[in-house]
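Just so it is clear, A, B, C and D label the chains in written order, and each chain counts residues from 1 on its own.
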Amino acid sequence: MSLVTWARTRSPWLIHFNAGACNACDIEVVAALTPRYDIERFGAVIKGTPRHADVMVVSGSVPRKIRDRLKRIYEQMPEPKFVVAVGSCAISGGVFQDCYNVMEGVDKVIPVDAYVPGCPPKPEAILDGVVKLLMSAGY
Amino acid sequence: MSVLEENNKTVERLTEHIGKKDVLEATVPRERRAFVRVPKERLLEAAAFLHDKENLKHVTTITAVDTGEDLQVIYHLRKKDLSLSLKVNTPYDDPKVPSITGVYNGAALYEREVYDLMGVVPEDHPDLRRLILADEWPEGVFPLRKEWDVKSLRKRVDGEEWGRNE
Amino acid sequence: MSNLAVTAIEVLIFPGILFLTSYALYCNWINRKFAARLQNRIGPLHTGWNGILQPFADVIKLLANEDITPASANKTLFLLTPIIIFALPLAALFVIPIQSLSNLWSYAPVAAFEGDLIVVLFLLTIMILFIFLGGWSSASRFGAVGAERAALMMIAYEIPLGLVAISPAIMAGSMSLNKIVEWEVSSFANFLAAPSLPGILLGVTLLIGAGIYVICLLAELEMRPFDISEAETEIVHGWQVEYSGKKLALLHLGHEFKLVLAAALLTSLFLGGPAGPWPIPPIVWFVAKTTVCVFILSNLSVLFARFRIDQMLSWAWKYLVPLAVLQVMAVIVLSGVI
Amino acid sequence: MSEREYIIPIGPQHPALKEPENFLFKVDGEIVVDVEPRIGYNHRGIEKAMESRTYIQNLYIVERVCGICSNAHQTAYTQCVEEVLGMEIPERSKYIRVFVQELERIHSHLLWLGVAAHEIGFDTLFYYIWRDREVVMDLLEMVSGNRCNYAMPTIGGVRRDISKENFPMYHKMLDTLHERTLYYLGVCASEKTILERAAGVGVTSKADAIRLSAAGPTARASGVESDIRKDSPYLIYDEIPFKMYTETGGDVLSNVLVRVNETMEAAKICKWVLDNIPDGPIKEKFSPMSRVPEGEAVSLVEAQRGELIHYLQSRGENKPYRYKIRAPTLGNILTVIEKLKGGYIADIPIVLAGIDPCFSCTDRMVFVDEGKDRMWDMNGDQLRRYGIRWYEK
């Protein structure tokens, strides 16, 4: 494992993007920051701007209008970049399949590296998803 | 006086004000709920009466329903102990209703919402833009109307099957 | 061994660039860890012992990341700003007395000259100008607002910062940090030998000065409650919003150098610098004292909510500036007595 | 538009908004001149979807209108359907619904309080509040099996019972919550930096709140006595002794005080429910293919963010003919625009957060307007123009 790889797996900076989620996933992502779960133990920090981030945590079923924004935010991230789809909606549209205004899954818009199922997944699961992604993302 | 009697009184007073022949339908199914239907020409009068005289100062929302024969617009007005739904009908080919934003300032966004999704045009609305609908959304496609189902809507808007492949 | 070789080692390795870089990363870890513990969290844990390598990993990762320059940014300025923000505090650190290589018990700085305090203060001010330019050149609206705020903030805290830093210099009768530290050591020894009322008064005055200084440093470091120029929830990351990859790494390192510089200045001006009782060498004292200073800074920064820019400005002009002026006047009066 | 003004877009991806939303602010230096909300980034087309699903399927989609007020939406939905059915649900299930609803109120208000602290840059308070919020999350998990989206109410009652052996533990946890909330009330009402940022910021007068039909805590913070639990009692709220809190300031601080007081009141309601819950069955039968007779119903529920209305029109099928949801946030958007005008950029996040916006609720029926092109013409300054063009990329 090279030094750079080591550094990357130890320092995932996240950006959280809500692509039309029902908020349940989002509050669980935020809960992962708080004292009981404390994602900073793994060196992960939530950043506000895509330029600073390595991993994008996306929740939601991607409604029609957010599609371009999602792409744009993804393109603004510096390489190498990873995407974690959090929640059933982000994976397949979940309960919103067959709604006229949703994309049914983040992977229809941008490449996804890890999926965290659940409606909503617990904060532990989100942490686990991020850590597993880093441990296995070709390193 | 019980709440139910009070509610009945309110509806009676409204009927008196509008005139019996113009109240097409008036029910008080249970306490704190009432449904009244008036012709759309009398809507403003009824709304003003309810706002000024009956103290229904709060507009909860506006619902539009595609009944199959015409469009029905339901104004949900509320005060303590009564939620009154004021209905008007308007035909497909001339889907205009008077705007109640002058009486109820809080109705501005709701009227724009029904304008977008059902194609109900509130006349004299102070700021009636295509605020909510996207620019690329085709003109004249109102997704909540019964003529569209999810599949045909997607086909019409995107020109192809969109999203999950069946 | 020529003198030149010793100086080269001093500049490059110890107590020069290498030491300062690792020390800056250490201070960043201390800051994060303290803040996390005060917020009931654990903070970095799995990277090295108790996460001590976390800042190192962050910097390495940022250095390896793609470097994006927005199409509409002013390329030259955008490139220049991180380099300057990285270099300025590093340069300023060379005049801080830490540890000399020629003698284990000496703490003569790498580059000392009469008036180096002025240079440090000047560099601190220049840095804000470059922050302003950096934010402006990124052509992002958040960047512009952040830059504007940074400049506004500078107007508020730069004056008390300078005034308070001068007061130990007045007592020492020198503008050299090294001389100020020497004066502190000797006068403290004198005071212990023969306590006097003016001595106590002077101590209290300088303590007030140190308090003002800490507040100004919080603003200088853009730490809460003065992180107005990079307020995450308001204007994303303010002037840093567009930087990524190597440039961001430089900005980070620059910020951490600034933290070290702030702690070192606080130590040198008010806490007797790296001097301490005999069998322990200056470097240990330096590390211990600056760690305490970082602790104080991070402790204060988690205790408050962020100020609004107008509140901060009016507050600084209403209370901080007059207090700093009074403090300096008191020091001048006392210097006549002693 | 004058030379000095320029436009700051907030959203749809912005740290202050945990949800995708777009507000366009015209600012003059640090002062906000005008605000234009663009809602619709979260529009999923739920109302249309509900018309093609059966009543039982709709339970789940209605729950996911919003993950924070999921129980409020489900309660409103089940009430609507039960009213059209003419079904009287068992007494015990009403108590359980109220219990979960009030727990959800505690969870939502604490969440909001933490986020509000985060918005004014007070992260320490945010972490402390969210740490204590985990107590109510645990409690909800024990009661329902999930931390969010509890799936408790169903048509005809509730899906799960709560067991008596756990009541002492529930009581203890509620006591903890009450005590911690009291502590935070003290912090919020006395800590100087919070007062500086919250008092007198984003003021709405009582007259404006009534005129713009503000709802829920936002209205109550302006002194409007409007609470569905009192105005139009549902379930067993007419039996529960509880107090409605109002403040007169209409600013962010009043919003905080109203919500914190409500949190403590909700804890008391939960304890009352535990003390008074009757024994009995918990649900009536309603099969997935059951038809609902022709009729219509309006259901009002006091969700955490204010008055929530569901309207159902049935035509005797096993699917609704028309279903309409209006979440409280849409009712408060006009109010928040009034609040923001003339304020500072720095106050935007806290004022926006002040109404506790929940756009995933709001946007089920709204589309987006990007309308970027308009901004181009309005923007004279070359550099700012660059900024916008960059934003487009």
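Everything below uses one rule, namely that a residue touches a chain if its C-beta (ideal position, glycine included) is under 8 Å from a C-beta of that chain, and two chains touch if they have at least 3 such contacts.
Keep in mind that this is a model prediction, so the values were computed, not measured.
Participant: In this assembly, which chains make contact with chain A and also with chain B?
Facilitator: Both chain A and chain B are touched by D, going by the contact rule given at the top.
Participant: Looking at CA centres, what chain is most distant from chain D?
Facilitator: Using the mean of the C-alpha atoms as each chain's centre, the farthest one from chain D is C.
Participant: Compute per-chain Cα centres, compare each with the mean of all protein Cα atoms, and return the closest chain.
Facilitator: Central chain is D.
Participant: If you tally contacting C-beta pairs, which comes out ahead, C-D or A-D? Let me know.
Facilitator: A-D
Participant: Any idea how many Å lie between the Cα centroids of chain B and chain D?
Facilitator: 24
Participant: Between chain C and chain D, what's the gap in Å when you average each chain's C-alpha atoms?
Facilitator: From the centre of chain C to the centre of chain D is 44 Å.
Participant: List the centre-to-centre spacing of chain B and chain C in whole Å, with centres computed as mean CA coordinates.
Facilitator: Centre separation, chain B to chain C: 63 Å.
Participant: Show the residues in chain D shared as contacts by 2 or more other chains, in ascending order.
Facilitator: 14-15, 40, 45, 48-49, 52, 127-128, 131, 367-368, 370, 393
Participant: Give the residues of chain A touching no fewer than two other chains, as numbers and ranges.
Facilitator: In chain A, residues 34-35, 48, 64-65, 98-102 touch at least two other chains, as defined above.
Participant: Counting only residues that touch at least two other chains, what does the list for chain C look like?
Facilitator: Each of 39-41, 142, 232-233, 236 in chain C touches at least two other chains.
Participant: Which label fits the chain touch graph of this model best, line, ring, star, complete or other?
Facilitator: Chain contacts: none of line, ring, star or complete; other.
Participant: Can you name every chain pair that touches?
Facilitator: A-B, A-C, A-D, B-D, C-D
Participant: Quick check on the complex: what are the chain D residues that touch chain B?
Facilitator: 38-40, 45, 47-49, 52, 83, 210-214, 226, 230-232, 296-298, 300, 307, 309, 311, 313, 321-322, 324, 326, 330-331, 333-334, 365-371
Participant: For the complex, give me every residue of chain D touching chain C.
Facilitator: The touching residues are 6-9, 14-16, 30, 117-125, 127-128, 131, 191, 193-194, 196-197, 344-349, 383-384, 386-391, 393.
Participant: Using the touch definition up top, name the residues of chain A that touch chain C in the complex.
Facilitator: So the residues of chain A in touch with chain C come to 3-4, 6-8, 10-11, 34-35, 38, 40-43, 47-49, 51-52, 54, 76, 78-80.
Participant: So in the complex, the part of chain C that touches chain D is made up of which residues?
Facilitator: 38-41, 70-73, 139-142, 144-145, 224-225, 227-228, 231-236, 302-311
Participant: Given the complex with chain D, which residues does chain A contribute to the contact?
Facilitator: Of all residues in chain A, those touching chain D are 15-28, 30-31, 33-36, 48, 50, 60-61, 63-66, 69, 72-73, 89, 94-96, 98-102, 119-120, 122.
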